[in-house]
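Multiple structures follow.
Across the two complexes that follow, chain A remains constant while its partner is chain B and subsequently chain C.
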Partner chain A sequence: MAFQILLNFLLAVTWMFFESSMELSTFIVGYLLGALVIFFMRRFFSSRFYVYRLFSIIKLMLIFLRELLLSNLAVLKVVLSPKLDIQPGIFAMETRLTSDWEVTLLANLITLTPGTLVVDVSSDNKILYVHAMDIEDAEEAIEDIRSSFEKAIMEVSR
Partner chain B sequence: MKTNDIILQTVTKIVSFIILMFALHIFFAGHNNPGGGFVGGLLTSGAIVLLLLAYDIKTVANSLPIDFKITVAVGLLFAVGTGLGSFLFDVPFLTHAFGELTIPILGELHLNTAVLFDIGVYLAVVGSTMTIIQTIGEGE
Partner chain C sequence: MNVSEIDEFIGALLILIGGIISVISATGIIRFPDVYTRAHAATKSTTLGVLLSLVGAFIYIWLTENYISVRLMLGIVFVFITAPVSGHLIIRAAYRSKVNMTEDTVEDELKKVLDNQTEVH
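For the complex of A and B:
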């Protein structure tokens, strides 16, 4: 990914020299045309066309914002309800993610969405111990959300 | 004996990008400077021919899954389409229009419908050149 961005940058600079214009607009046009050329030649690279990965990063951000909003509302409901009818608990969740930054990102996303909190990560980075505010009605649903986060992260790193 | 083409292939990977960028430069320079759809198209197919020389026909066909016969058809459609477009404004066939457009970051652009016609020329030239070369290359 980094290599393709660097190449796109260099192609934009090449374009500025061809046009003999050192303006920002020339650079932007050159960058867009360079992206077009890299897209045309995308199968000569070992990794995917980097703009796809950019899109999956944006998708991950949108998923995060949606989950943040929804689970904050869920917490609000629990806080405002007159009876404290919740069942907290800790469950183990196995993850398929391997590299350090992926596990860190997943743990942070789980922690930042209220209702769940990552307590510990096993020493081989395979199991996350998650504290859930209300485990009774949520365990299945939370697993679903996890897989949506995990899937989105996998799409970014693939 | 099959020789190791690593130097040729590595240099091709770098050079083909510069050629493709230059082809685009030539293509867009066409209005006020030497250049245009024809040379731009020939330069683009030149870059693909360089890839064909460095790799074999199958690798290039897998990496650029483009049917160049369809490229010719699309190019001709562009050319005819810009011609027919003039009928929508009640003017003779192939009458071209131009206008100024100001976009926040890019600044003032001078847009001309002749560029659309040029894209047609470009695609037709790339398509026919590549069809000729690939057909000759595949024949035993």
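For the complex of A and C:
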């Protein structure tokens, strides 16, 4: 991915030299043309066309913002309810993610969605131990959210 | 209501919502029974409250003064990156120093795993 972006910058700079103008608008035109060239040459690269990956990053952010808002509302409801009937607990959750930054990102996303908090990560990075605020009704729904996060992260790293 | 009033209204509304969420999460810190559930209220709803306040300030300055404040954007990003990590570290330290929980239901795996680790050593 980094290589493709660098190549795109290089093509844009080459376009600026062709036009012999050092303005931002020329750079942008060159960048778009370079992206087009890389798109048509995409089968010579080992990884995907990098714009797809940008799209999946944006999709991950949108999913995350939606979950943050929804689950914050859920926690506010718990806080404001007159009787506090929560059943906290810690459950283990296996993850299919392998590299360090993916696991870190997943743990951060889980921690920022209310109702769940990562307590520990096993030493082989395979299992996350998650503290849930309301374990009974939450576990299945949480598993759904989790798979959506995990899938989105996998789409980014693929 | 002319345009600049609407702009001010949007920014002020976001800041107000952020303040309300911060107050509610502070209430949660008082009401919840143990460290772990308190950390739930402390790390996340507070983050959302701070985030909404910062976004409100950003929009307000942008629309009324016509000035895009990069520092506010950086502040939003930094809060987002650091808040979950600090919450995780505090909770992990609490768990490792054996702070008790309330009436837990499923407190499975982690305790067993940690006990096994201490046996091995």
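Simple rule for what comes next: the second predicted complex is superposed on the first by the 158 of 158 C-alpha atoms of A that agree within 3 Å, B and C clash if a C-alpha of one lies under 4 Å from a C-alpha of the other, contacts with A are read in each partner's own complex, and residues count from 1 in each chain.
The rule is short, and it goes like this: contacts are C-beta pairs under 8 Å (C-beta built on N, C-alpha and C of every residue); 3 or more make two chains touch, one makes a residue touch a chain.
Model, not experiment: these values are computed from the prediction.
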item	value
Overlay on chain A: chain C relative to chain B, clash or fit	fit
Which superposed partner A:Val118 touches (first chain B, second chain C, both, neither)	second
Partner chain in contact with A:Met1 - chain B first, chain C second, else both or neither	neither
First, second, both or neither for A:Phe40, with chain B first and chain C second	first
Touching partner for A:Leu80 - first (chain B), second (chain C), both, neither	second
Touching partner for A:Phe18 - first (chain B), second (chain C), both, neither	first
Which of chain B and chain C A:Val51 touches, first, second, both or neither	neither
First (chain B), second (chain C), both or neither touched by A:Gly89	second
Residue contacts on chain A - larger count, chain B or chain C	C
Chain B versus chain C - smallest C-alpha distance in the overlay, whole Å	16
For the chain A and chain C complex, residues of the former touching the latter	68-69, 72, 75-76, 78-80, 84, 86-92, 107-108, 111-115, 117-120, 122, 127, 129, 131, 133, 135-136
Footprint of chain B on chain A - complex, ascending	7, 11, 14-15, 18-19, 23-25, 28-30, 33-34, 36-38, 40-41, 43-44
List of chain B residues in touch with chain A within their complex	13, 16-18, 20-22, 24-25, 62-64, 105-107
Partner chain A, residues of chain C touching it in the complex	21, 24-25, 27-28, 31-34, 36-37, 39-41, 43-45, 47-48, 80-81, 83-85, 87-88, 91-92, 95, 101-110, 113
